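Next come two complexes, and both contain subunit A; in the first it sits with subunit B, in the second with subunit C.
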Partner chain A sequence: MSMYILSSDEISQLVTELQASYAVYGPQVEPQTRQVFFDLINDATALDLEAPIPSMPVKEILFPQMERILKYKYDAETQSVEMARQYFEQPKVLFGLRPCDLAGIQALDRFFLGQEFVDDVYLTHRRQCLLISNTCLHPFPQCFCVCTHSGPDADEGFDLDLTKLADGYLVKVGSEKGRALADAHNWTPAKPQQLSEQKAVVDKCIDLFPDMATDNKAWVSRVMNRITTGFIKSETWEYIGDQCLECGACSFVCPTCSCFNIEDAQTECGECERLRTRDSCSFEGYARMAGDHNPRQPVEDRRNKRFFCKLSYSQSKKYLRPGCVGCGRCQWVCPGDIGLPNVVQYIRREITGGEA
Partner chain B sequence: MQLMNYKTCVCNLCGTGCGQFLKTDGRQVFGVAPLIAHPVSKGKLCIRGWHANELLNTNERITQPMIRENGQLRPASYEEAIALVASRMQQFDGAKGEIGILASARSSNEDGYTLGRLAHEVFGTRLQGIGAEAGHRKSMASLEHAFGYPGAHGSLTSIDHADYILVVGTDITRQNPIIGGNIHAAQRRGARVVTLSSSRTQIAKLSTKHFQQKPGTKGLLVNALAKALLGIRTANRERKANIDQMPGYSDYVASLRSISSVALERASGIRYEEIEEEAKYLEQAKSIVILFSSGISGLDRPTIDAITNLALLTDRMDHEHSAVIPVAGISNLQGSFDMGVSGEPGNSVFKALASPDSAIRALFVIDHDDGIIRDRERIASLDFVVYSCAYKSAFMDLAHVVFPLPAFNETDGTYTASDRRVQITRKNVDNPHKVLPGWALFQKIAAAAGHQWGYANAADVFIELANNTPGYAGLSHQQLSQGFGQHWNPQAFPNSRRRKFNAINIEYWESPTTPEFPFALMIGKAQHYWHQNNLMRKTIVPRREYDQTLWLYPHGYIEISPDDATRLKVKDKWLVNVRSSIGTHMKIAVKISPDVQSGTAYIPYFIKNMISDFLLPYENAYAAGEESVIPIQIQE
Partner chain C sequence: MSNCHGNHEHGNCKTTGLCPIVTFPEVVNIDEIRDEIPEVKTFYLSFPNKDVEREFRIRSGQFIMCTVFGAGEFAVSLPPSPENDRFHISVRAVGKVTHALHALKPGDKLGVRGPFGNGFPFDEIKGKNIIYVAGGIGLIPLRSSIVHALQHREDFGRIILLYGARSSKDLMYQPDIKVWQENAGFETFITIDRAEEGWHGETGYVNQLIEKAKVPVDNSVAFVCGPPVMFNSVIGEFLKRGMSEDAIISTLERQMKCGIGKCQHCAVGRTLVCTDGPVYTYRQIKTLGEQI
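For the complex of A and B:
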């Protein structure tokens, strides 16, 4: 793997240069609230590679909360339908992805592109997408990627990967596209000791994870085992379900949740538009099946579905990795107290009979 | 540097006032993100807040003024419509009660204030009211008597610090979910959370202690708790409290002393010993928060008086983390009261519409929910009705002139949450149809009638309203834009330091049920709290959730306990005959729920329309929510 070392200035130049032919997105800090978003970059200086994990997952760009995908109009006279799709391809760079978000994109790729059915909307957003990841130097509150093998550094799936070292950014090339970009520049090759420096940086970051997270590492697989085999007491699910306020937030902020809903709506002038919106298995209506029968009606069963999706072997097989990438966002946004790390805790408590 | 696509906003879908980001390119809203730094919502939003983007994308918008001609609404220019309204309104005599104003609890303070001016100065009327105000007026009156000003005592953020939290009645995880979430978090950090509710609501399940009292006895129970607290107090007189100096104290104490434990237990089903145990915790708490729901599903006055009295009696109300908060289901209910457009007794537009011999001939209405158009016949027979709203609604059918309004993110405006926190929402998308904001529309109507106001923008309006509204002095748009708003200042009220007990009456509520009509029917909780709202029907996912309930129970449902279901030999979704003691009748599906007490039955709010014949004689029961009980029999 070729590696280079770039100064902050060179990184900044790269951003500006890419902006000429791509829409460049990256982490930025909203000035008033200090909240981090992975948003379109206007001015290269707004990119903040040291900003904490973005508050919303990067799927915002590839799988928006709401998008118009189609417009159609029926002409009664000619009995014909005019249709026009509403999503368009745009070359883009996702600059400075946290490794967990990169893993999230890989999971979404598997879901939308990797099965019998290829989702054209997602594909259109995903094609011509340059992925540049960024190693975490320290975990942020609620991060637990060490348990789900998705951080704090990226090992695959990127075009370029950055790690901030003492003398600049170590840049790893991870794909042909990345290769081409590197070849077009006169970047300084990295020295071997800089690779070991990078390893040390990652090890240090892993050490910085709170005990709860590292401790949970072994537990995640035990919990997965339990969830897969359905060997969890109904009281535990009920305890979890009682705390769910059915807001849907956990799915909206999860880098790997892919549920959506399609709705056709009439516009002013007799046209129809087709909207695609994000959805969540925490909602009763989502699981509704025809024939007045809802297989997952009690809320604890719906919760159960989500954790099954994130933490079971059968789902992992589908994504080729655990459905949870350990970003901890669901813990942040849950008005109950049932973010995924907590659920692992609850099940762990059940297994140990209340201890630890 | 501003972000390209994320703009701060205040959720306008209930009186919690959560902070949110809208994802927008300045033309359309594509999504929502929570706002982590917001002191109340702290990065959380409920199902409504998370789907604000769907509402803001609806095609069901009013986009231009309209005038009714030959029975049909036709597009009109602002000039034409405004001139028509100004000249028609001059034909009515406001002073004689011919013009009524129906304000909205979702309007911004700027719109509420200027609507008040339009009514009082231009139309010359005081006949007014706010949709859904009934319950809130009682809360305001009780709080004003107790604390000296009509508003919440303390802040919602107190929930995060208080030792003791009492939730009276409200199904708060449905009505104001983020407050519910904060209470749940408080319980986890060790606060004692106590819920008083006749059904086992979600917050009841998440509480440290749930008193599941019989219907109609919440106030009695609160008073009993006060009596028990007083008992401990007298026993260890170590406090320096001077609550006994407050007006009303001795009458209050005398009433409390008269509570009989036997009668209490018979009425409420709760033993006094249990309440005495609870009082020990209350006595130990240094900071106490009491929450109750206000507005359409609010409590009755005696219950609210019991609550405010108990609060004063604890002697903890000066603690920085104590609070008494009337929790509103609609975003700016508090602000609309502050702006002076509520219908106090003597000038209530609702009363005028309901009395056949009132003088009312014209009605000026802002944003009214479909489901609760009361006195529709009367409104339809008025000479002139003007309706203004951002969204299409059934009220348009009743209007002679219709005006569009911007959505809450299409114009600058301030909103006052349940705990008096005044927050600003800035315009963050275009206003493609050049729709005038409410204040600007009212200013133009005023000008057409010869009154010049001279506001250049919403900030100007705010400067004036801050000068004229007690508590708002010192606030401005600019200052509210820094941080997350500010509570209005109670000290502007001269009596704010003079606390008083409300007069109470101890009544042992007798259930109106009889052997023949053994079930106490209440109108109450529902899976989701939509307050019959014109707005949530215009979303996608929340609407589907609402429809989901209808899918399972297409004609609504009546909730009963599993024991009663066994006794009646009915199964879930079976149709039963329900007959009320005054003879109305309906056929409705049964929903079996372990959360309701035997002998009680609930129908959710939103099915009122479907069973209106049944409820018609019970208009008040509907307004009184769980406080009012209809005796019924249920037969297979």
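For the complex of A and C:
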């Protein structure tokens, strides 16, 4: 793997340069609220590579909350139809992805592009996309990527990977696209001690994780085993289900949740748009069919479906990793107390008989 | 195994391994509309694009996603036989989109994506007896397989149909049934729930016909489709007679949005009805851990 060392100025130059041919997205801190958003960068100085993980996962750019996939116009008089595929196509750079979000994109890639069918809407977004990841120097509140093998540094899936060291950014090349970018520049090659320095930075970050996260590490795989084999008492699912308000927030902030709904909406000029909107398996109407037959009734049944999706071997086979990337966003947003790390705790408590 | 219809030249198939009709609806014309039973109509369709029509091949038991322009898209099973049959769908008006469909007239256009799903086994069951068990509009998805099997009559042992509906007005495909009843190679048993004036056939529920038809359980497969209550009683009866769980085959119905295994609305157990189904054996259904 080729490695270079870039100064902060060179990083800014790279951003400006990429803006000429790409829409460049990156972490920015909103001045009033101090919230972090991974958004389109208009001014290269707004990019903040030291910002905490963004509130919304970066999947928003590749798999938006709502997007038009088709447009048509039906004329009932002449019984004719005009129809066209229509979605937002633009080359994009995701600059400064946190490793958890990168792992989320890899999971979505394997799901949308690697199964029997290819999802052409996602493919359109993804194929012209450049991924530049950014190693975390310290964990943020709720982070537990050390348990799910998705941080604090990335080891695959990026085009370029950045790590902030004492004297600039260590840049690793991870793909052909990244290689081409490096070849087009006269970047300073990194020295071997800078690679050791990067390793030390990552080790230091791992040491800073709270005990609960590191302590849970082995438990995530034990819980996966339990969930896969189905040896979890229905009381535990009921306890979890009792806390679910069915708001769907966990699905919307999850970097790997990919369920969507499709709806045809009339526009003002007599045209129709087919919209694809994100959906959540926690909603009561998720599986309801016309005629009101709903095969999934109780909330705990729907809850365990979600955790099955995140933490079972059969789902992990689709993603080639656990469905959870340890970003902890579900824990932030859940109005109950059933973010994924807590669910692991509840199941752990069941296994140990309440000891831990 | 992508669901391509063979002609890889016409679209993004080459670059993505995807035939466009999988994700982009193909326009079809409504040639004729027939009233079947109350609330159910049959729509005979044809493709204005003859290239697509030639390449559009189905297997019994598959389904399509059908767009009613301005209303939305719904999943619907395919009743025509894969060979020498008019392309049609039979739909009950239950929700927003299907009501909009019922309001259309001949000459109106629909959008079609597909066909999707695994379909009923055909080659694997050659030489066996086939028992079709249907309740109400459960006959719609089975029709394809019935007509196909009759077109290859010599490949199978006994072919039996056990069909029940609430009343004589609720019997689907009555012209087909008349033809089938006159077919010496096809044993048909038809029942309605309660006796009616002018009805000379059986009365009672479908599961009672199993006894009457002296249904063979060895070297047989049963295709069962109908409301959950009928399904459970029929399965119970078959299992009591020693039929293998692998020989009982049904097709599941779920909310569907994409048809290509991405939207996840049809997830049942560890499978997706759109790509792993909709046809399952009873042994598989038992492990799914969900209602039928």
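Definition applied: the second predicted complex is superposed on the first by the 347 of 356 C-alpha atoms of A that agree within 3 Å, B and C clash if a C-alpha of one lies under 4 Å from a C-alpha of the other, contacts with A are read in each partner's own complex, and residues count from 1 in each chain.
Everything that follows uses one rule, which is that a contact is a pair of C-beta atoms (placed from the backbone, for glycine too) under 8 Å apart; a residue touches a chain by one contact, two chains touch by 3 or more.
Quantities reported herein were computed from a predicted structural model and do not represent experimental measurements.
Contact with neither subunit B nor subunit C is seen for A:Ile227 once the two complexes are overlaid on the shared chain.
Residue contacts after overlaying the shared chain place A:Gln266 against subunit B and subunit C alike. In the superposed model, A:Cys334 makes contact with subunit B only, not with subunit C.
Judged by the touch definition given at the top, the superposed model places A:Leu170 against neither subunit B nor subunit C.
By the touch criterion defined above, A:Asp279 reaches both subunit B and subunit C.
By the touch criterion defined above, A:Val344 reaches neither subunit B nor subunit C. Shared contact residues of subunit A with subunit B and subunit C: 261, 263, 266, 279, 288. On the side of subunit A, the complex with subunit B involves touching residues 28, 30-35, 37, 39-43, 45-46, 55-56, 60, 64-67, 242-243, 245-249, 252, 261, 263, 265-268, 275, 277, 279, 283-285, 288, 292, 294, 332-337. Taken in their complex, subunit C has these residues touching subunit A: 1-3, 12, 16-18, 22-25, 27, 67, 69-74, 94-98, 107-109, 111, 253-255, 257-258, 260-268, 270, 275, 290-292. Across the complex, subunit C is touched by residues 70, 72, 74, 76, 79-81, 83, 85, 111-112, 115-121, 123, 258-264, 266, 272, 274, 279, 281, 286-291, 295-296, 305, 312, 314 of subunit A. Every residue of subunit B that touches subunit A in the complex is listed here, in rising order: 1-6, 8, 21, 23, 30-37, 43-47, 49-50, 53-54, 57-59, 63, 173, 177-178, 180-182, 184-185, 188, 202, 205-206, 482, 527-528, 540-541, 544-545, 547-549, 551-552.
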